[in-house]
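Same chain, two partners: chain A is paired with chain B first, then with chain C.
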Partner chain A sequence: MMEVTFVEIEEFRSTMIHLHRKGMDFLREMIGMDWNEEGLGAIYILENSDTHECTEIAVRTTDRENPELPSVSDLWMVAEFYEREVFDFYGIRFTGHHDLRRLFLRKDWVGHPLRKDYDTSEEINPIRMESEPVEEFSREYDIKDDKELAEKVEKLKILHYDQYTVNIGPQHPATHGVLHFHLSLEGEEVRKVDIHCGYIHRGIEKLCESRTYPQTLAFTDRLDYLSAHQNRHALCMCIENAMGLEVTERVQYIRTIMDELQRIDSHLLMYSCMAMDMGAITGFIYGFREREKILDIMEEVTGGRLIQNYNVIGGVQADITPGFAQKVKEYCNDQKKRIREYYDVFVNNVIFTNRAKGVGVLTRNDAISFGATGGTGRASGWACDVRKRHPYAMYGKVDFKEIIHTGGDSYDRLLVRLEEIMQSIHIIEQLIDNIPEGDFRTKTKPIIKLPEGRFTASVEGSRGEFGVFIESRGDKTPYRMKFRPTGLPLIAAAHKIMKGCKIADLITIGASLDYVIPDIDR
Partner chain B sequence: MTDFNTIIEAIDSSLNSMMPHSAAVLVECILAAVCAIGAYLVFAIIMIYMERKVCAAFQCRVGPDRVGKWGILQVFSDVFKMLIKEIIDIKNSDRILYNLAPFLVVMSSLITFSCLPFARGLQVLDFNIGIFFIMAASSFGILGILLAGWSSNNKFSMIGAIRSGGQMISYELSMGLSILTLVVLSGSMQISELVEDQTRGWFIFRGHIPAVIAFIMYIISGNAETNRAPFDLPEAESELTAGFHTEYSGMGFGLFYVAEFMNMFIIAGIASTIFLGGWAPFYISGLDGFNEAMCWIPGIVWFLGKTFFVIWLLMWIRWTFPRLRIDQVLVLEWKYMVPIGLLNLLIMTICVVMGWTF
Partner chain C sequence: MEMKKPVIKSIPYEEFKDNETLEALIAEINKERTNVVLGRLDDLINWGRSNSLWSLTFATSCCGIEFMSVGASRYDFARFGFEVTRNSPRQADLIMCAGTITHKMAPVLKRLYDQMAEPKYVVAVGGCAISGGPFKGSYHVLNGIDKIIPVDVYIPGCPPRPEAILYGMMQLQRKVKVEKFFGGKNKHQQKGYMPDEPIIVTNCPTEQTNGKDE
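Right after this comes the complex of A and B.
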């Protein structure tokens, strides 16, 4: 249960500035909300990056026609993107935000879909057959003296027509999905970057509001498909905590092992794709050779290779197979030897080190301000691992090291991932022989209803903190369900560190940040 | 060792006895062209198959094994696929240049190909400044690539073409320097004489240290000239999708593809001609019995053996290294390769003047 402090609009800005000064430098989550007659607003979850102490602040406005809230994008850099998302889905205008465009939906979209009074009829938003017009201007809203909203329209600097602009994406081999970088080039050098998201936005959060809790589980595997287990783990954990359901120790063991296997799988893919993006296709194949073995193990246990649907409320879908422990141990022993080959063929190669060292440096302060958790944050020297910060499942009881590098460049981001593979193997080895007997699934009622309130849970996904927020009104469907994307903060950070690099560096940075698009476009 | 000069002279005299001299020259030209194009295609097929198998071996894979025994018909089915593909017309492209570009690339590699001495006398073009001719002919392939990028009306192609222009013109310099080093050693620019000279020891052994440096420089710049990894920036598939040939489909792309492979063959062929003795057998002065035994192996086997060895080296590099960045490519050339090349030329000249070569 989460306790939220509501703040008046007039005091909101000063409260936030005060909290920021007090060391609440990490904006974990920003959740747009529609409380019907109580108004529109947002919940901010803040954390102190040193003491890991959290505060939840909420603010709301009753004006449904022209809702406006003060922007905090100058305090936390990631808020720039979060506020654009809230503007897109709720139509709340953030005064002081200097580039308030829609983040996911098309410019010509009518209405704001996550509002409760949104009209879903097809006449309003038909399937448009023409291409999306590229926005030339960005908007900024300011409050005039007489409380009237003034609209400032500024020319977006990326689209000066005398510049050489290039579109990397939405169909491009190095964006690993449908992301769109709009670049302005000077020779090989990138002058300005504008990132367009939303090409595969499926409105999962909206869909969840009309699904029962067990039905919402299916969406989590389709967010960041490379941390399917962790995502589902977070949602199950959140619902179980809200219900007051205890899962057996066996389930905790199985979930932890599967999470770590998934993490190795994802990090191997990150290494492989980075190798391929840099033109070292042999390195890519080496990584995939081992990843295939994990997928085989997962297929045997869960029946799926990418979309696994394994965790359920109260436990897991099916018990582990008899040969599971043996196979995992064989795999771990093999992986420990093979990881040497990655260093030999790719990581220690002089061409690669020259291309990756010092490229795309993200400082620690920027990483925190952008909320860039996961390997990216840890490469910048920020100890942001949820497994250490707020231990869950078995993580409090196993011994493992949080890998931290201080360079903050692309090279360190890769090293963090490779060393984390070894730590994950270490965790698995501690657990695999001691899986206790017990039920693999606690029986639940056929219809699950959560008590009224707000609930959160977060886990360490493969590429950062993955959080779930549920606001329940006591029904069998959530009133609001929000997933903290692991990729959106990375994209926000990419926006900044990509400026001034070469085209080839842009690809390196993109590969090292290791974002997954379905996670950004929920 | 067979001397193809006698066979060619026999054909020449028999043709002359059958028809007037001008007609005989015409027939000979056609025959030579047909042979050269035939050999060009055969080698291209062998190399595409070899690339796939070598790459598969490096990557713990099997490679093509479905079409024909061991997949040997794979290349033919690929060509068939390319032939039946639609040739796409690009809006606002420069139609003439767009269609001309792949032919320029192939032409340049075909002309260079005909300078290679496959065996004693088995060479289409051979005259006193053969080395210069090879360098000149191989360098106008850049034109084709630049035109392809320019005429496609595509920004990725354009960036690829600009990169390729900068890269290939730069690396021509160190390539020329490394070849010149060997010209200093041999004292001749005629290809047949160069090889004939090496029947008493390959240049890479006779020129010792400067020759080995020149060989390494030649392999690096040769790799850059053929636009292959780690120097495949003009096409850099993860950055520019396919670089200068993004907009080509069907055989337009096929010609670029074949030309890339044949350029690699040519680079390897020239390397084996000027460094590894071309068709000249392995020779150790003093061991007469051994040398005689080596002479029993036909020259064409020697030449192809050495060429494919160098090709294998190039493939090894291709499938091991990541891609460089454009500024690193240029720094490598202008800050390291050119000064080393000039210095190496000087060392070789001193060696030759002082008689420190074998």
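Right after this comes the complex of A and C.
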């Protein structure tokens, strides 16, 4: 259960500045909310990156026609993107935000979909087959002297057209999905990157509001399909905590092992794709060779290769198979030998090292301000592993090292992933022989209702902190469900990382950031 | 001469499901007689085309990862001639739509399809591309790509297994084989899919702002 402190709008800015000064430098989540007659607003979850102490602040406005809130994008850099998301979904205008455009939906979209009074009918928003015009100016809102909200007269140019502009995406093999980079170049150097998301925005959060809790589980696998287990683990954990349901130790063991297998799977894919993006097809083939072995184990236990639908509320879908432990051990032994080959064939290759070392540097302070967790944050020297910060499942009881590099460049980001594979194997080896007997699933009532309140849970996904927020009103469906995307902070940081680099380095940086677009867009 | 059954090397004809669809297509073609020379040329060209289907890499979500698995060494679609994936629609024979298509993506997909050269094919991979899948009913999801472009082969699954993708591609190979390349329309573009007006591209800067930068 989460305790939220509501702050008046007038005091909001000063409270946030005060908290920021006190060391709350990591804006973990910003959740847009529609509380019906109580107004529109947002919940901010802040964390101190050293002490891991958390605070939840909420602010709201009762004006539904012209809702406005003060912006905090100058305090936490990631808030720039979070506020654009909230503006897109709820129509809340943040005064002082210098670039308040829609983040996911089209410019000509009518209405704000996550509002409770939004009309989903096809007539209002039909499928528009004409291409979307790219916006030229950013919009900034400010409060005039007569307290009226007004659009600033002077418009700010997003890109300068006297410079050379290039579009990469939305359909481009190196963007790992559908993402649109709008760049302005000076010669070969990138001056500014404007990122357009939303090409795979499926409205999962809105869909969740009309689904029962067990039905919402299926969506988490399809957010970041390379950390399907961890995502589902987070949602199951959140619902179980809210219900006060204890899962057996056997379930905790199975979940932890599967999480780690999934993490290895994802890191192998990251290595493979990075190799492929940089023209080393051999590296790609090598990575996928081992990945298939994990998928075999997954398939045998869960029935699914990529999307497993394995965790359920109260446990897991089916018990592990008799040969599971043996297979996992064989795989681990094999992987430990094979990982040397990756270094020989790709990582230590002089062509790769020259293209990756010192390219796309993200400093530690920027990583925290952008909330770039996961491998990216750890490559910049920020100890941001949720498994260490807020241990869950079996992570408090196993021994493993948090891999931290300090270079912050593309090369370090790859090294972090490869070294984490070894740590994951180490975790699995500690658990695999000691899986206790017990039920693999605790019985629950056929209809699951959560008590009133707000609940959160977060896990370490394959590429950062994945969080779940549920606001329940005591029904069998959530009032609001929010997933913290692991990729959105990385995209927010992309401009900072890519600025000043060569256009050819964009591919390296994109591959090393390792974002998954369906997870960003939700 | 008459068109024969489409036999491919990989799987015997009888083991395929829904041979009826293809037989109906053959019957329709066989209503009109074909010149022997042109018919033989057709056979030759279709044999070549069906064994070198180059796909456009168009993956929006999860199914794209399975598509990558098909390309890797274990499933290896190079065995059947699908290994060349193109990043430009102008060089591709087919568009393999792997993943959800949203409102924002729909015009992009349509535009890519229009940019491809005839003869072109569309394979809908996964539940989302077929009907919207688990996201049916969402405000921002297109319920099936067949609403905007004609689809040749549907591959169900969430995501489909690599074997399913291979099977679907083989079905497409057979479909390619029952086409008249010479002396007839090689592919009927269904009415209603073609936009009456050309797509207006408005991505370029307007005249007023050109060279008037601060």
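Everything that follows uses one rule, which is that the second predicted complex is superposed on the first by the 513 of 522 C-alpha atoms of A that agree within 3 Å, B and C clash if a C-alpha of one lies under 4 Å from a C-alpha of the other, contacts with A are read in each partner's own complex, and residues count from 1 in each chain.
Just so we're on the same page, contacts are C-beta pairs under 8 Å (C-beta built on N, C-alpha and C of every residue); 3 or more make two chains touch, one makes a residue touch a chain.
Remember, predicted model here, so these are calculated numbers, not experimental data.
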Touching partner for A:Val398 - first (chain B), second (chain C), both, neither: neither
Chain A: partner with more touched residues, chain B or chain C: C
Partner chain in contact with A:Asp277 - chain B first, chain C second, else both or neither: first
Touched partner set for A:Met129, first chain B, second chain C, both or neither: second
Touching partner for A:Val345 - first (chain B), second (chain C), both, neither: first
First, second, both or neither for A:Ile507, with chain B first and chain C second: first
Contacts of A:Arg289 with chain B and chain C, given as first, second, both or neither: both
Chain B versus chain C as contact partner of A:Ile9, first or second or both or neither: neither
Chain C-contacting residues of chain A that also contact chain B: 172-173, 285, 289
Chain B residues touching chain A - in the complex, by the definition given at the top: 55, 58-61, 155-156, 159, 163, 229-230, 232-233, 236-241, 319-328
Chain A - residues contacting chain C, complex: 104-106, 113, 118, 120, 125, 127-134, 136, 157, 160-162, 167, 170-173, 177-178, 198-204, 206-207, 218-219, 222, 225-226, 269, 284-285, 288-289, 291-292, 295, 305-307, 517-518
Contacting residues of chain A [partner chain B, same complex]: 164, 166, 172-174, 185, 188, 275-283, 285-286, 289, 345-346, 349, 351-352, 354-355, 502-507
Chain A contact footprint on chain C (complex, rising order): 57-62, 64-66, 68-69, 72-74, 87, 99-100, 102-108, 110-112, 134-135, 137-142, 147-148, 158-159, 161, 195, 199-203, 205-206, 209-211, 213-214
